[in-house]
Each structure stands twice: as structure tokens, then as C-alpha cells.
Amino acid sequence: MIRAEVTELVLTAKRMKGLTWKDIHEKVSVSTSPIVVTAALLGQMRLEPNEAEKAADLFDLPEEAKILLTEIPYRGSLTEIPPTDPLIYRFYELVMVYGTTWKELIQEEFGDGIMSAIDFDMTMERQPDQKGDRVKLQMSGKFLSYKRY
Amino acid sequence: MIRAEVTELVLTAKRMKGLTWKDIHEKVSVSTSPIVVTAALLGQMRLEPNEAEKAADLFDLPEEAKILLTEIPYRGSLTEIPPTDPLIYRFYELVMVYGTTWKELIQEEFGDGIMSAIDFDMTMERQPDQKGDRVKLQMSGKFLSYKRY
Amino acid sequence: MIRAEVTELVLTAKRMKGLTWKDIHEKVSVSTSPIVVTAALLGQMRLEPNEAEKAADLFDLPEEAKILLTEIPYRGSLTEIPPTDPLIYRFYELVMVYGTTWKELIQEEFGDGIMSAIDFDMTMERQPDQKGDRVKLQMSGKFLSYKRY
Amino acid sequence: MIRAEVTELVLTAKRMKGLTWKDIHEKVSVSTSPIVVTAALLGQMRLEPNEAEKAADLFDLPEEAKILLTEIPYRGSLTEIPPTDPLIYRFYELVMVYGTTWKELIQEEFGDGIMSAIDFDMTMERQPDQKGDRVKLQMSGKFLSYKRY
Amino acid sequence: MIRAEVTELVLTAKRMKGLTWKDIHEKVSVSTSPIVVTAALLGQMRLEPNEAEKAADLFDLPEEAKILLTEIPYRGSLTEIPPTDPLIYRFYELVMVYGTTWKELIQEEFGDGIMSAIDFDMTMERQPDQKGDRVKLQMSGKFLSYKRY
Amino acid sequence: MIRAEVTELVLTAKRMKGLTWKDIHEKVSVSTSPIVVTAALLGQMRLEPNEAEKAADLFDLPEEAKILLTEIPYRGSLTEIPPTDPLIYRFYELVMVYGTTWKELIQEEFGDGIMSAIDFDMTMERQPDQKGDRVKLQMSGKFLSYKRY
Amino acid sequence: MIRAEVTELVLTAKRMKGLTWKDIHEKVSVSTSPIVVTAALLGQMRLEPNEAEKAADLFDLPEEAKILLTEIPYRGSLTEIPPTDPLIYRFYELVMVYGTTWKELIQEEFGDGIMSAIDFDMTMERQPDQKGDRVKLQMSGKFLSYKRY
Amino acid sequence: MIRAEVTELVLTAKRMKGLTWKDIHEKVSVSTSPIVVTAALLGQMRLEPNEAEKAADLFDLPEEAKILLTEIPYRGSLTEIPPTDPLIYRFYELVMVYGTTWKELIQEEFGDGIMSAIDFDMTMERQPDQKGDRVKLQMSGKFLSYKRY
Amino acid sequence: MIRAEVTELVLTAKRMKGLTWKDIHEKVSVSTSPIVVTAALLGQMRLEPNEAEKAADLFDLPEEAKILLTEIPYRGSLTEIPPTDPLIYRFYELVMVYGTTWKELIQEEFGDGIMSAIDFDMTMERQPDQKGDRVKLQMSGKFLSYKRY
Amino acid sequence: MIRAEVTELVLTAKRMKGLTWKDIHEKVSVSTSPIVVTAALLGQMRLEPNEAEKAADLFDLPEEAKILLTEIPYRGSLTEIPPTDPLIYRFYELVMVYGTTWKELIQEEFGDGIMSAIDFDMTMERQPDQKGDRVKLQMSGKFLSYKRY
């Protein structure tokens, strides 16, 4: 069994039981954020064993699938680069348009280094707006300095 | 003259005069954010005519360069995809790892559509942290629904 | 079950029952255009639940396929870029030849921004012509201005 | 001299003289549409000799540039595929999302063949709309049947 | 069932019955050329219903395969570009080496336009030659002028 | 000096002197076909020394350019694959659509081997036709058998 | 059945019976070289009918597999270019490093043309050497002159 | 000055002085083979200082070019992969067709490892043949075993 | 059975039996390093017959899988380049950033040649560090000089 | 002036003055390792102002070049991926062959996360060996755990 098959089992169960990601998050974990739980069930993060236990119950997963959910996956959720799906492409476009700006401003503020994509967290929420609601994303990543040696 | 030449003139002047992007922003615009001003000077956004005027003064730009800064550029700041620079690559990696998660969660909250990368704004700031300061990004984009017709 | 399997079930049923897309559109929806219905059955748009119900009846689809038709798909209908099929390639060629012209003329008329491909509709019709009938496409997309902030 | 150099000369002159594409079209041709004239000046179509004459006057082009404007160019206006510029990318996205739908519907209506991108014309106009003005494109291409032999 | 599966059924039956393409052409059609019939059975063109009927009998194809042979396929016969097979690569090489020559000579003779690959026919025959027989290909495609509008 | 520079010198001289390829062929060679002469001047074939002499006179080429025309070039006339120019793309499309058909029919007739693209010749002519003139290409290449050893 | 399946059947039988390619060559053919026999069983060349008969006996292949071994395959043995396997990559590297050298030296010696990869044979042998044995490859291909016409 | 500029200087001098690679080899080195000398002058190998001295005299190279010829180059002689030039492509094709065969036969003979492309030598010569002369290449590379540790 | 299927069998057995790579290494081999054993079980190296025997017992592998573990694999462990998984990407990034530095420093020290990736060994260990533990890799590869001939 | 021009100035001066990287390191810095200094001069790292001062003196660099050496570069030293140069390719090959092994072993030892390529250092030295000296690389990177949130 490979991780992609677990993802397909999860999506089928979610669909047939009429669950939302919000429901799933509430049933699977208290301490982990909805983004991490969703990413794990889509094959990009791992769950803690007790979370995997609850997920396996919720989705009627076989034993091997339950263990796989606790394993570190081979990450990379997109089958094509650039992504063909418009929602995901817009984020990719932001990297293309603002990439060099981020580099200049972050390095001016912090010096030579990067924003970690590992020691990293994020939230996503709805921002009501009269001209049409907005998607608000907050990202925070530890700054890592290039080591001089 | 092409836009990339303007960017190179700007970077040379910034370097020789010892300016920071923060200095530049203060001298070029009051109403526009530092991200937009920096992006414009890197060839990804346009400046308002009065901003271009100030930028041209600050950097001793020729007339054509000044006009070019007010034109809408052909966007795309990266010469290679995936980006080879580690700082920019980390953002690209976030899209690859979290792309499908964003799609699921945004569409569960908002329905079928996308977060606009056009009616979009962002801020970047330093988030002090004992275990090492963090880069904090806030992004907000209007949600656009797929039209049913 | 994945969306591509639903598409294959739909195409097999359409073929064996001798249906046209016109027939299908009439049986599946009154308020949605033939383009959206066809695109949904090819895995690029979603159907409303009552439309999916009718589609499932028409094509004898299993329960999961019916639900999948109401889900937002991961969009992108082409397996290869550039498209190898001549009919689709011609549209791709139009983007390559006229892309910069569209950019110049739309931005001269509207300012800095894009034509939305989300808040977008289109029609396709036959245009009789003595020298050979023509395919007439009308597209209309909301203009979105780049936000200044 | 190569065609791309003519395009750059044209763009510089347009910029320094403060011309719009609308102005240019009016001064260069009466019988040719603004789309064809703009595309020609961007290196994708050719001008008639009298149009090239007027363009050369308007932009102070050298003799060789004037002749080049009447030559059939090596077409293809984009330096990167997929296009990195958001405005142009949206059209590319339409091909990816709707490509198979267009194929199905055009071929159901017309039989086996393609819509010509050569015997083809188009218009672009502003469509006023209370919820935000729209870009309206009309395209018409001759249907060409696959020859049976 | 997808078109590639029909092609595989055809090739297996051809192999097990010891048929040649010449035999097949004679049994399947009188009015269509061997090139079109072969291309159709390889998934690149469609057959007329009576031809598909004969092909289905000859190869013992199931009902759905028979209908598929009359459908317009998604064209593109090569799984890799550039083609790895030496015979096919030689044609690809001709395009790379002579492409610009064809463009110059055809456009000098006909003006701005293309040779249609749709309203197109071809023959292939053996040309005896003492120094070794030659493959002779004749291609004829309608010239299509770029529309001025 | 590199071969591409010779091609540009040739094209500039051709343009400024108002020559056609037909004129050039007549002035440069009697025994070589127009296709080979044109291809050579576009950097894909070599000229015989006496032909290069005449070409150098005709186009006022410097000594090194004259010698370069007699050298075997690094072949490959297209800067992008697939070719973005519509005229050349149609030939590329023929390879994609008919490639496997050519392989089947040529190998059924000749056995295991290829049609040479080296021991190869071709002609291009106008084929008058009431429904629109046609481009007629004749290609003939020696069949080369795979050596058994 | 496709050729890749025959290759897999051959490799399984070879493995389970503990055969070497040397054994196989001896049992399958007397007149054909080990390179051609091995290449054929790996799907890149064809066997003569009597060789295929012996191979089918040796590997217990089904009837269709036996016929497939006598058919001309779609050539191209590598799933990725550049090849990821180090042994094969070294040959690819030789082409990259020495490609232009071979072109200069072969064409200086033979004139304009190529070394055939079709009318071609090769041997591979062990060359004992005190500093470590060496792989010795001899290749010989007919020189083909570019036809002047 | 970069190595590619040295190569261009060498080729221009060779052309204007009417030298062959054979002449050059004789004048530049006694102990090094013609393949290595040619490869060095094309930017793929280095020359010994005394060889570079002679080459600089022969081609009237400036001091920096002479030093560059003794430096280890960044190897890779082809600007495009796959190579568009037919002579070089044939070698690339051999790797694609015979790659897996070489792997099987070399590893059966030698065990797990590779043929070195570094501790490697080769010769190229004309092999007279009544059916047309042949290009004969001999390659010999040290076999390197994968280290077990 | 292909090697990738053996890898999947190994991973499933490892998961269901709760084994670590450390456990596996201890049970499968005494003389071979953990890196080689792990690489072999992931399909990149071969095991000695007695090691394969033990691995087959440990994982309940079928006979063919056991033999496959002793065969030299077609190497290349990544399905996508650049690797999408962040851990693996960081190594790829090191090659991109430091590649030319390694080339300069190794060749200054050793002369013209390479560090072998075949006659090569490595270790990986934990390096305790107060600011966060470090991954320590030691690599050692034989230097191979380019042969002069 | 762009960073690549600084690199070319450095390489020319190094060549004309006959300096080695070892000499340069000794003259430019006491506290920074030879790898970082070399990487900086090749455009991949930055120098401290006093180091840049010494480098500018040593290589007679203009003022802007000196400042550029202290700026954070846009990293990525290779113009082609995969690298065509054999020395650099061997490292790339190691990533392809051992990538998944590193992932398994590092994550088994450390848990979910990566080895930093930023908080990272390395050394390179000669390891004398009777069977041929070896290149010894030691790399050490901080382990970064994926943040749970």
C-alpha cells in the first residue's frame, strides 16, 4: 500500500459519509491545527499515533493505512508544475511575481538567510469585506541565517 | 530600453548610494506599501507618475526609464523555475507541499472559486521570538466565485 | 474512485446510448449552459446536486460518481502541454501569437489588471458563411484591477 | 536587424511620444483592425506597404525596419510557456480548463476538423457592467474539415 | 474503454491472424486511402460506420470498440517528443533542419499563410532505385491565407 | 563570426536589395535545387565554393562569411521545439499525428529500417486547385535497412 | 500484449532459470551477434522467426509474445533522459563532451554527412589491463553523404 | 574572456588560414591524440602548457586565451539536448536504443559498476568498404566496480 | 516482477512488523554498511546472495524477489527532478549552490578529473550540538584523473 | 554591473596573475573557510566588507564590484540542470541514487524534518590512499524538525 492509496481511501470515505474537513479535524485532533491535519490526510504531513487511530476509525481504514498515516511521507502534492488548477496556480503566480521582492525585503531586514518552510506555521481564515469576502493567510517561519564557517 | 535595464539601473544606483529599500520607499511614496514599491522597482508592478518622478530623481534615471516605471510590466520575476535561490525556493516548496490543502480548505469555506492574486495585498514583518526571530507574512486576496452561467 | 474514472464512465455511457452533448445538456440542466455542463461531465466544473442526480440517472452512475460530480475538481483537462490534438492546439496557438497583443489592448483600455478566467462566461455557435461556416466564440470575463496598497 | 529590434524601436517611440495603440491604429491604417495593427507592430503579423510607410514615419524607423514590418514574421510572441504574465496566463488557463470541452462541442456541431487560427478574426471591447466592467472577446474562425482521401 | 485499448486490440488481432495493413485496408474500405485507414486503426483518424463495422468483424472487436473507431480521437500518436524511434525521428529531424526553408519558400510562393495539415492528403510508395530503393512521399495541403480584417 | 551572423547578413541584404529566393537561386547555382540553396543560406546546408563566391558577391559578404557558407553547419533551424510559428508547426503536427502510421506502412513495405534524412531530396510546388491552391511536397529518401550482424 | 510485457516475461524467466545473456545467445542464434540478440530480447531489435521460436521455447513464452519478438519494435530503451542509471549515463556524457569533436573529425575525413546508426554494428569485449580491466567497444557505421540535388 | 570565446577565436583562425584539424594536431602536439587536441580546442579538454603555447602561436591567440586553453573547462559541448545536428544525434540515438543492452552485457561480464568516461580513450578512423566506407570508432574505458562498504 | 514491486513489498513488511532500518541492517548483514543495505532494499544497490536470503526471510519475500535483490538495479531513486520532498531537495540545492565551488577546489587540489561516485563510500551520523543536533555526512570518493592519450 | 560580471572579473584576474584559490583564501580572509570564500568569489555567498576590500585589492576590482561581493547573491551556480560537467554531475548522481536512502535514515534517526542547507558547513580534503587518493567531504547541517502546530 502506498500513501496515495491512503489519500484516496480517505477522500472516498469523506465523500460517502458527507464529512467536512472541519468535522474531520474536530474528530481527529485537539492539539494539531486544521491545516496540518488536512495536509496529513492528503499525504503531506504525518499524524501522531493517537490521531491516526481516530482517523482510521472515522474512515474505516485498514491497519496498514493507519500506520502509513503516522509515517513521514515523500512530500509534493502536485502532479504537474506549474499547477494546472486555477486556485493553486494563483499561489504559484505570487511566487513568480513577488519572489525577488520577498528576497530583497526579507534579507534587508534579517541578513543573509531564508524563511524556514519547516519550522513554519500558518492559518487561513475568512475576512468579511463589503466588496466581497477575502481569504486571509498568515504565515510565520523561523528565519535561518546562512552559517559562516 | 527594456524594463530589465531599468531594474539594473535601479540596483546599481541603490548600491552606489548605499540606500536601503526602506529609505527608497520613504522617498518614493507615501500612500503605496513598501512591497508594491519594491516590486515596481524590481520590474513587477508599476509606479504612479509622481512616484516615478521621485524614483527617477533618487536614482538619476533617464527619461525613458522614468516612463517605463509607470508602464504595466510583463510580469514574472524569476529566470528559472523552480527558482534556484534558496530563499525563494522555500515559498515554491510551500506551494508544492500545501497546494492541495489550501485548495480543500479554501473551497470548503468559500465554495468553488479562487483567491485572487490581483485584488490582493500583503505585509511582511519581523516577529521577535526567543528561539529565533520569525518572518511573518500576511496575505489577503479577494475570493472570486466561479461564475455559473 | 477518482474524477477521471467518472469521466470515463460518462463517455462510455454516452457512446453506448448514442447520446449527444446537446441531448445530455437538455436532460441534465435547464439553468446551466451547455458549456458548463459539458465541462463538468469532462471533469472540469462541478454540477449542482440536482443536475448530478439527473446525470447519474442518465448514465447509470454509481453513488460515489454522483457525489464526485458535485465536487470541485482539480482542474486541467489536458494531459500534455502543448496539446497534441490539432483542434485544441489552434487555441493554444492563438495565445502564443496574440498574447502580447491582448495584454497591450486590454491594459490600454482598462488599466493594470487582468480579464478573469473565473468570473467568466462564454458561448459557442455556428456562423453560416458562404465560403465555409465559421466557429464563433464569445467570451466575457470581468476585468480585475491590480490592487494598490 | 531582426524583427524583435523593430518591436523595441516601436515601443520606445510609442513611449517617448506618449502614443496609445488607438492613436497608432488611426494613423497607420483605415482598413485593418486595431488587433492586426497592434499584433503587427509587436512582431506577429505583417503590415501592408502603405501601412508600414505610415508606421515608419510615425515612429521614425530606419528603412530596414520599414521593410521588416511588411515581411511575414516568425510568429510566437511569448518568451516563456506557460506565460508568466498573469493577464496572458488567464487565456492559457482557459485552454487548459476548457480545451477538451471545446473539442467535444465544436466537433459535435461541425464534424471532424478544427477551427482555423489562420482564417480567423477577432474583436475586443469593453462591456459595461454594474458589478464591474467586463472584457468581451469575439472570435470567429473558419471550420476546416479533415479531408477524407 | 479508451481509444488506446482499441488500438491494442487491433494490433493483437492483426498479429495473431497474420494480417498486413494492405490486407486490412482492402477488407475495411474501398474509398479511403491506406494511410487514413491505418491511421484510424492506430487511433489518429476516425472510420466511417460501415468501415468500422468491417474492421470490428475482421478483428473481433467488442461493440464499444466499434463505436470508438467512428469517434474523432484525441490526436497525437507519440508518447515522447522528440520521438525515440529512429524511423519517426528522421521526419522530426526534417522539420528541424528544413522548417525555416519551407517557411521561406512556401510564403514566397503563396504569401502569408500556412499549408493546412487538415485539408491534407498524402501517399507513400516504393521508388525503385539501383543504388537502393527509396521511400517516396507526396504531400498536398491546401494553402490557407492569414485573414486580414 | 558564427553561422547565424552570416544568415542575418544574407537576410538583410536580400531585404534591402528586394531579392526573392527564386532570384537568389538563379544567381547562385545552376545544378543545385532551390531548396538546398535556400537551406544553405539559412544556415542548414553548405554551398559549393563557386556558389559561395556568387552568393558573397550578390550579398556583399565579407571573406569569412563566404568561407563559412562552404562549411558544414551545426544543423537545427528552430529556436524552439515545438515550433511556435504556425506554418512550421503544421509539419511538426503531421509528425505527431502520422508518425506511427508512417512507421507501420514503411516498415511493412521495406522491412526493418528507416527512410534516410541524409540521402534525401525534395521538391515544393504550387498545385492549382479550384477550391484553393495547394502546396505540394515530394520527398524521397533512400531506405536503409537495419544491419543484422 | 505489448513489447514491454514480453521484455518483462523474458527477464523473469532468465532470472528464475538462472540463465546468463551468454547462455541465451548461444541457445537462440548462431548467426546473430550477442548484442543484437540481447537488444531484441530487451525490446529494441527484432529476432528472425527461427530465433524467436527458440527464445519462446527457452523462456516458455506464449504465442503472441513469440510473434512480437519478430516484429519491429518502437525503439527507445530508456524511460528517462538523461538516463539516471550511472552506467548508461556515462555513454550519454560522452556524447555531450565529445559530440562536437566527433562532428569535426568525421566531417573533415568524410565530408558532409553522418555515420549511420542503422547500417551499424558493434562489439563489446573485456580488455585485460594491469591497472584494472577495461571495457572495449568497437563501433562501425556506414558513412552517409548528404545528397546534393 | 570565457572559454567559448577562445573556441570562436580558434575556429575563425582555422577558417581564415585554411587549416585542417589534422594540420593543427601535427603542429600542436606529438604525444596527445587528435581527438584530445580537437576536443581541447573546442573547449572540452585542456592542453598542456607547451601545447597551448604552440596553439596560441598558430592561431595568434591573446595571452589570456592561451592560459584558458590549459585550464580545465566546464565541460558540455552541446547547446541543446537532444542535439539537433544529425551527425551528433546519431550517437545520442545509439545511447537511447542500446543503453539497456550495454548495461546488461557489461555488467554480466564485469559485475556491478560502470565503464569510466574519465579514464577513457578512443580512436576514430576510416574503414574502407566496397558498399561505402565506414566510420570506425574504438572506445576503451576502465571498468570501475561499485565499492561495497 | 520488477524491482519497484520488491521495494514496495519490503516497505509493507517493514511497516507491519514495526522494524527500523537499524534492526533490518543488523539482521541482514554484518559486513555491509547500513547505507548500502538500506539503498539496496530501496532498489538502488544489490545485496550479496546470503544477505538477500536473510532479507527474504525477514520480509517473507517470494523467490523472484529474493533473486531480484541480488541483481544490479537500474539506478535512480527519484520520480521527479528536482525532488519535491524537502529533505531530499536540500541536497539537490547544495549541488546547485556549491557545484562550481567543488569543481574549482577539487580540481585545484587534484588536477583534471572527478571524484568517483562509484568507488565511493559514506557515513551518516548524529552530531550532538547544543544549538540543535546536526546531521553529519562523510563522503569519500576516489579521485579519477582524465586520461591523456 | 551584475554579479556574474564580478565572477568573470575575478576569474580573469586570478588567471592573469597566476593565483590559486588557496592563495586567494589566504589573502582574503582568516576566519572564513576556503569553501565559503571560493563560493563567494564564484557568486554564491557574500563576503564580509573587509574581505571584499582585500579581494578588490587583489583582483583590481572596481568599486561597484567590491560592494556586490558583500551583497547576498541570487544563488544557483549552474547554468544547466542536470549539470553537463562530469565532476559536478557525479554529485548530482549521488542525490539521485541515494536521495531516498538519506531520507529514510535521517528521518529514522531524527524524526520528521530536514538537514538544513543554510545552517550548514563543509570541508573538503585529500585522503591519501594507496589505490589512488580520495576526495573526502565532510558535511554538517543542523537538523530542523517540522513544526507541529
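Going in written order, the chains are labelled A, B, C, D, E, F, G, H, I and J, and every chain counts its residues from 1.
Everything below uses one rule, namely that contacts are C-beta pairs under 8 Å (C-beta built on N, C-alpha and C of every residue); 3 or more make two chains touch, one makes a residue touch a chain.
Fair warning: this is a prediction, and the values are worked out from it, not measured in the lab.
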Which chains are shared contacts of chain F and chain I?
G, H
Check A-D, C-D or A-I against C-E and flag the pair whose interface repeats it, over half of the contact pairs matching by residue number.
A-I
Is the C-beta contact count larger for A-J or for A-I?
A-J
Considering only mean CA positions as chain centres, point out the chain farthest from chain I.
D
Proportion of interface numbers common to chain A and chain D (over half same, under half different):
same
Per the centroid of Cα atoms for each chain, what is the distance between chain F and chain J, given in Å?
47
Distance between the centres, which are taken as Cα means, of chain H and chain C, whole angstrom:
53
So the centre of each chain is just the mean of its C-alpha atoms; given that, what is the distance between chain E and chain F in Å?
24
Residues within chain J bordering two or more other chains
35, 74-76, 78, 82-86, 93, 96-97, 100, 103, 107, 113-114, 116-118, 120, 144
A full list of chain pairs that touch reads A-B, A-C, A-D, A-I, A-J, B-C, B-D, B-I, B-J, C-D, C-E, C-F, D-E, D-F, E-F, E-G, E-H, F-G, F-H, G-H, G-I, G-J, H-I, H-J, I-J
Contacting residues of chain D [partner chain F, same complex]:
1-2, 63-64, 67-68, 71, 74-76, 78, 117-118
Which of the residues in chain D end up touching chain B in this complex?
8, 12, 15-16, 80, 83-86
Residue numbers on chain B that touch chain A, as the complex places them
20-22, 34-35, 38-39, 42, 44, 75-78, 81-83, 85-88, 90-110, 113-117, 120, 122, 124, 126-127, 129, 131-144
For a test of understanding, state which residues of chain B touch chain I in their complex under the given definition.
82, 84, 86, 89, 93, 96-97
For the complex, give me every residue of chain F touching chain G.
31-33, 35-36, 45-46, 72, 74, 100, 103, 107, 112-114, 116, 118-121, 144-149
